[in-house]
Amino acid sequence: MKLVIINGPNLNLLGKREPEIYGHIDFETFFKTLALAHPTINFEYYQSNVEGELINALHQWGFSANGILLNAGGFTHTSIALADAVAAVKTPVVEVHLSNIFARENFRHTSYIGAHCVGSISGFGLQSYALAVSYFTNMA
Amino acid sequence: MKLVIINGPNLNLLGKREPEIYGHIDFETFFKTLALAHPTINFEYYQSNVEGELINALHQWGFSANGILLNAGGFTHTSIALADAVAAVKTPVVEVHLSNIFARENFRHTSYIGAHCVGSISGFGLQSYALAVSYFTNMA
Amino acid sequence: MKLVIINGPNLNLLGKREPEIYGHIDFETFFKTLALAHPTINFEYYQSNVEGELINALHQWGFSANGILLNAGGFTHTSIALADAVAAVKTPVVEVHLSNIFARENFRHTSYIGAHCVGSISGFGLQSYALAVSYFTNMA
Amino acid sequence: MKLVIINGPNLNLLGKREPEIYGHIDFETFFKTLALAHPTINFEYYQSNVEGELINALHQWGFSANGILLNAGGFTHTSIALADAVAAVKTPVVEVHLSNIFARENFRHTSYIGAHCVGSISGFGLQSYALAVSYFTNMA
Amino acid sequence: MKLVIINGPNLNLLGKREPEIYGHIDFETFFKTLALAHPTINFEYYQSNVEGELINALHQWGFSANGILLNAGGFTHTSIALADAVAAVKTPVVEVHLSNIFARENFRHTSYIGAHCVGSISGFGLQSYALAVSYFTNMA
Amino acid sequence: MKLVIINGPNLNLLGKREPEIYGHIDFETFFKTLALAHPTINFEYYQSNVEGELINALHQWGFSANGILLNAGGFTHTSIALADAVAAVKTPVVEVHLSNIFARENFRHTSYIGAHCVGSISGFGLQSYALAVSYFTNMA
Amino acid sequence: MKLVIINGPNLNLLGKREPEIYGHIDFETFFKTLALAHPTINFEYYQSNVEGELINALHQWGFSANGILLNAGGFTHTSIALADAVAAVKTPVVEVHLSNIFARENFRHTSYIGAHCVGSISGFGLQSYALAVSYFTNMA
Amino acid sequence: MKLVIINGPNLNLLGKREPEIYGHIDFETFFKTLALAHPTINFEYYQSNVEGELINALHQWGFSANGILLNAGGFTHTSIALADAVAAVKTPVVEVHLSNIFARENFRHTSYIGAHCVGSISGFGLQSYALAVSYFTNMA
Amino acid sequence: MKLVIINGPNLNLLGKREPEIYGHIDFETFFKTLALAHPTINFEYYQSNVEGELINALHQWGFSANGILLNAGGFTHTSIALADAVAAVKTPVVEVHLSNIFARENFRHTSYIGAHCVGSISGFGLQSYALAVSYFTNMA
Amino acid sequence: MKLVIINGPNLNLLGKREPEIYGHIDFETFFKTLALAHPTINFEYYQSNVEGELINALHQWGFSANGILLNAGGFTHTSIALADAVAAVKTPVVEVHLSNIFARENFRHTSYIGAHCVGSISGFGLQSYALAVSYFTNMA
Amino acid sequence: MKLVIINGPNLNLLGKREPEIYGHIDFETFFKTLALAHPTINFEYYQSNVEGELINALHQWGFSANGILLNAGGFTHTSIALADAVAAVKTPVVEVHLSNIFARENFRHTSYIGAHCVGSISGFGLQSYALAVSYFTNMA
Amino acid sequence: MKLVIINGPNLNLLGKREPEIYGHIDFETFFKTLALAHPTINFEYYQSNVEGELINALHQWGFSANGILLNAGGFTHTSIALADAVAAVKTPVVEVHLSNIFARENFRHTSYIGAHCVGSISGFGLQSYALAVSYFTNMA
């Protein structure tokens, strides 16, 4: 089984940005731990701050992978183009957020992307990704 | 560890209501399977169609249980009183939905309750509950 | 044929509340007259001020009765949970109002419930119920 | 007793337009059946696609007839002028709709006309007219 | 000097409709008085309940008359087409209303037509017309 | 003189919930002090988390008591049904809030209930109730 | 007969401000011409840029003068306090504007003041005042 | 092949209205040129300023012609009734505008009609019609 | 103890304005009665129709008095500057209204000022002031 | 004559994405057919999912080409930056859409880009491009 | 060169109001430092809490000074009359704010005044004034 | 001291785009002049039309430079992701605009980015950058 994690804008700063809030661990380190815990899964990881490159990534893996975990960051609430890409591909996509979007500013309560995802997991920090993997592996 | 599942309005119809969409399994049956899969957890299950009884349930378990899984159904989008109850209790609450609320009608895109929950899991059907349990058990 | 009349909040005050507007007749008296006028119909009458008990009533009769007349009062405009219940049951439901909701305050111009009812009859006072019965009996 | 049925835009297509939805019967045929069923009533029928002609019709019969059944079609949601006409005449007017306006697009959830009608009956197809007649005849 | 008065929907009912509010005088009678008081002005009067016929009237006189007094009634607030006609003609148009539109319902506080008129006079009953004539005659 | 205090959702947690904010005193204790301070008043106290039971309480005392103090908690901002009940009863009702609703979230700035109350007192903590009693006793 | 003209903010700049648009005549000059043309009227003129002083002026003359012409300028669209003053006095007030407010920015399409005035005259430049005087003198 | 061009309000003024903007050619002249350029097409042309007559025209040709070009002018943004007529007929309808509606006032950015048309062509002046004909002839 | 009552626009008309609604007593008379009833309190009374003078008054007493009762009248709903002044001073301010603002027009349901006041008392007529004094004296 | 076609996000999936809806032909194939049909035109084709690269493309050809066909996909409704680019270049730009944007979700009814284009063609599938070419070649 | 600084409501409290946030320096002291640093500039300073007096100040200096620095405080977001005054005068006006208005409450994100100013500088505390002076002196 | 200027979409067209409005000077030329005027500052300049590349640039310099001048162009009003990046970095960021955003279209009156910047300077053309440099050098 192949699962692809696609991270959007500012997530490359994890571990560096406000560590007292987001923790000291960067995403690459977490990613290795996650891969080790699921040796039978073929993981792919991609991050970009460019809206269009995220669309390209969805196009690239969206017809072959078994599942995509998408944390679109700030694009979640504004990008119709990214939402169109989620709708266009065949691989099921799970929306993931570190924080609970309903506990933040009003402009984060909208999600264009969510409308086309299988489901959404938000608020559990890095564990949000692990839970999404559980969905795909039916291990939960 | 004690976990309480609190289900809101119309979830007692599961298995009976539009089974071609929601499946033929009722919640009690699923609950037994879930409990069997986690023998070390002390599960409690409560359902009511009455908003105030859900508030009562949050008050009853919200100072002693280790975690609460709350599927508030239609009250998610309208009940400030229920959201106040989630804010008032000490036990961490995870918001759970069978369906993806962003893929439904506009009036379901709002969540008063979400603002006070640890996190939210929606769109995975009954597996949404299993993923929430994973969060509490750190099994994910 | 079995028809169930379900009345929501404050309708138990009929005859007592502002009688110069709503008249001096209470609902129970009207109900007896209605039942006498249709001797072949098996009528059931239920009233509650509790939203969840109205949902319970819809669940109880919504898979066996031939028709339901629902006057949800103030819940008409606010209750997604009650609207979900109307959508979930199999018995056809007719929305009934004593007054014409479009001639009242703006916040009464919305109806969550109406979206899932067969039809709606409002503004004819107690005769609104009689007209709804006519629909079910095809007597009209 | 004289009752006037006034139909607005596109209702002349009944029976011809999407018959699998609206049925194969045109309004004239239904009208004859209705008149036959109420031999003591003096019925009048008028249809126009022109907003101002509907206003003219309300003016013509609105000071002499005993009742008017008005299905204003798409003008229901946009015509302040037509609503003013309903308010200006003395004959009581009942709003009638074939379909349940709350189960359709958002822009159909508004009714300027309803604010000045005695009551409203919608969602019962052609039977909506029959129920309105029942109101006037007190047969219900 | 030629002045044309164009009256929109329901104004033909003046004197007949709610006379305790609008007075017992019909527009034709008022019109004769007005014409007598200004013997040097060539007056024309036109009334229609049909939006398109009002547009036609604006087209007919809007390139030759010296001034137009337009009371568009309920179309004031809804008709972009009528406003386009006012913008298209060359004769200056004065907006006239019997009642003060800001003292009525919210939906009457908008005026598409006003944006293209020279000015607006509202709230003075039939005297609103006389004041508009004063504007054109510079008698004021 | 008979005065009834009706408390809505989550107010049963007073003294237990976030005591550093709301204080360590529970409502029952406060109620006893209040009663002692007004020995000539016949006080009644009722609390429920169930919207419909609050409506029932208003019906029960709303035709006989001399005054009602209503703290509807989160229902203040969402319940048209409760507001209808306040409008329907004859006893004057005073709206009471512990906190100042205009200093809190936007969705608490609306009050359906306030429209039908004699007056409103908010922001003075438990003293809000004492001030409302002063109104009824004219002691202020 | 005593008529008072009350001018609001920025109208003291007339003749000085953008004369190519508003003309080279200042208000005082116009006022003298107006007074000369109506020798039997006792005119009073007041201007202020201070909202509260305009309220004071309404209080001062609003119980004795026969009519008030109020051009509230920019306060027209924002001042509830000024509108309350118009509502509180007994003298009839006519709203006057130099320009047509519906042909300007959106935020000028609202009028709090208009709701309490007898009528409104806008768009005719200084002649708007003359027309308002005509209303009071019945000369029109 | 039979194609019908239906023009709405104010388009009869073409060539006469603001010719420096809209050009000196009237629609009839353009229509002749268009017909000459497509000798094998049976063209029909209809214009009216009356909303209901445009609905009539859609009914008349909407079940027999091969294509309809509809420029509804100002009705585009306000007429639900006209949009219903487009939805009711069987002939494919193409929406045509002389000007680009998104470059004009905000209230022209809405189109009720567009939702039921095959497609929309706007902003190319009279050439918009020619492009729509190209669509029907597949000549493009 | 020093308490200052600050009254905003139009409150100087009390007793004179619509006495059948607001009563025949003017504020000065009421003020004397209030002072007599609390001989140990050093009262100050200030009224102005000018927004900036009310800000000045808040600045003048807002660092020395023990309490301020502010009835900002129509400025309550529009003045951010006055709300800033309430936020800037150190003396606790209680918002007072004669009428219940939620029972009036929609534009009176907003309060910029309330967000910075200790609490709010509205709807009890002149007794609203007395209740606010009770709050400061703890007499309630 | 040089014409440039600029395609935005997700249009590279044409032929691959939901072929039962969008057809089996990809854009490159269509582009070759289009170029063959217009041998005298020098065509250029560019596609990108990156908003900024589309802006770059407009900058690159927007001062030299004779025309640009822009299908901005999902950016149509959100990108002020792209709209600024259209406004900044000198080459006339025609907005093109495969589907009719008014027949889709509400958030697609807005177009920032349209305000600066010559015209707009939408809803004709790939033929929309051909019609836009017709505009530039005056072949239509 | 003559520059005038006009400060609006509550700015007279600077140094006294929340000094831990706004600092201990009052505006007069800062003003002296600013004047000393620019000995060739003829500075004028004016502050008022009265909206109309700020308008008067703009009128007084707005036709003779070389530049005006306007910090309108809370009036920035509500005063159309003040914005009209900025538009009416000839001296260029620069909008100045101590704090960044986009980082504060939603109702501070609007600026009527900004639309008529040369430019805007906000968020730099008292240095905002110095930067505005730099603009006028071209020293920057 | 190191200062970085980051320019967003379309700013690379400066000097080329509408030179009669924006001037004939391109940004690179201005940048050289600016650098020459401040020989002790280590300037860096970066421009991109790609939203994500601007985020990358903020990440790259946002933990080491002493100040960042950000002109985000059209992304100012739509990009939550860019605003998140400003919030995430440690270097203070000043928002810069050539034009006054409040004097342009409504959709430019919002700024997501401004909420996280130190301050904002807009409307002074290229001098806006110089003023921002003054802020960082304290030269102002």
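First chain written, first letter: the chains are A, B, C, D, E, F, G, H, I, J, K and L, and each begins at residue 1.
In this section, a contact is a pair of C-beta atoms (placed from the backbone, for glycine too) under 8 Å apart; a residue touches a chain by one contact, two chains touch by 3 or more.
Nothing here was measured: the structure is a model prediction, and the numbers come from that model.
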Quick check on the contact graph: shortest path length from chain C to chain K, in steps?
3
Rounded to the nearest 5 degrees, what is the angle of the rotation that puts chain F onto chain L, matching CA atoms?
120
What whole-number Å value describes the gap between the mean CA coordinates of chain H and chain L?
47
Multi-partner residues of chain G (at least 2 other chains):
50-53, 78
Check the chains against each other and report every pair that touches.
A-B, A-J, A-L, B-C, B-F, C-D, C-F, D-E, D-H, E-G, E-H, F-I, G-I, G-K, H-J, I-K, J-L, K-L
In the complex formed with chain A, which residues of chain B make contact?
100-103, 109-111, 114-124, 127-128, 130-131, 133-135, 138-140
Chain K partner, complex, touching residues on chain G are 8-10, 12-13, 16-18, 48-53, 73-75, 77-78, 107-108
So in the complex, which bits of chain H are touching chain D?
50-53, 55-56, 59, 63, 78-85, 88, 112
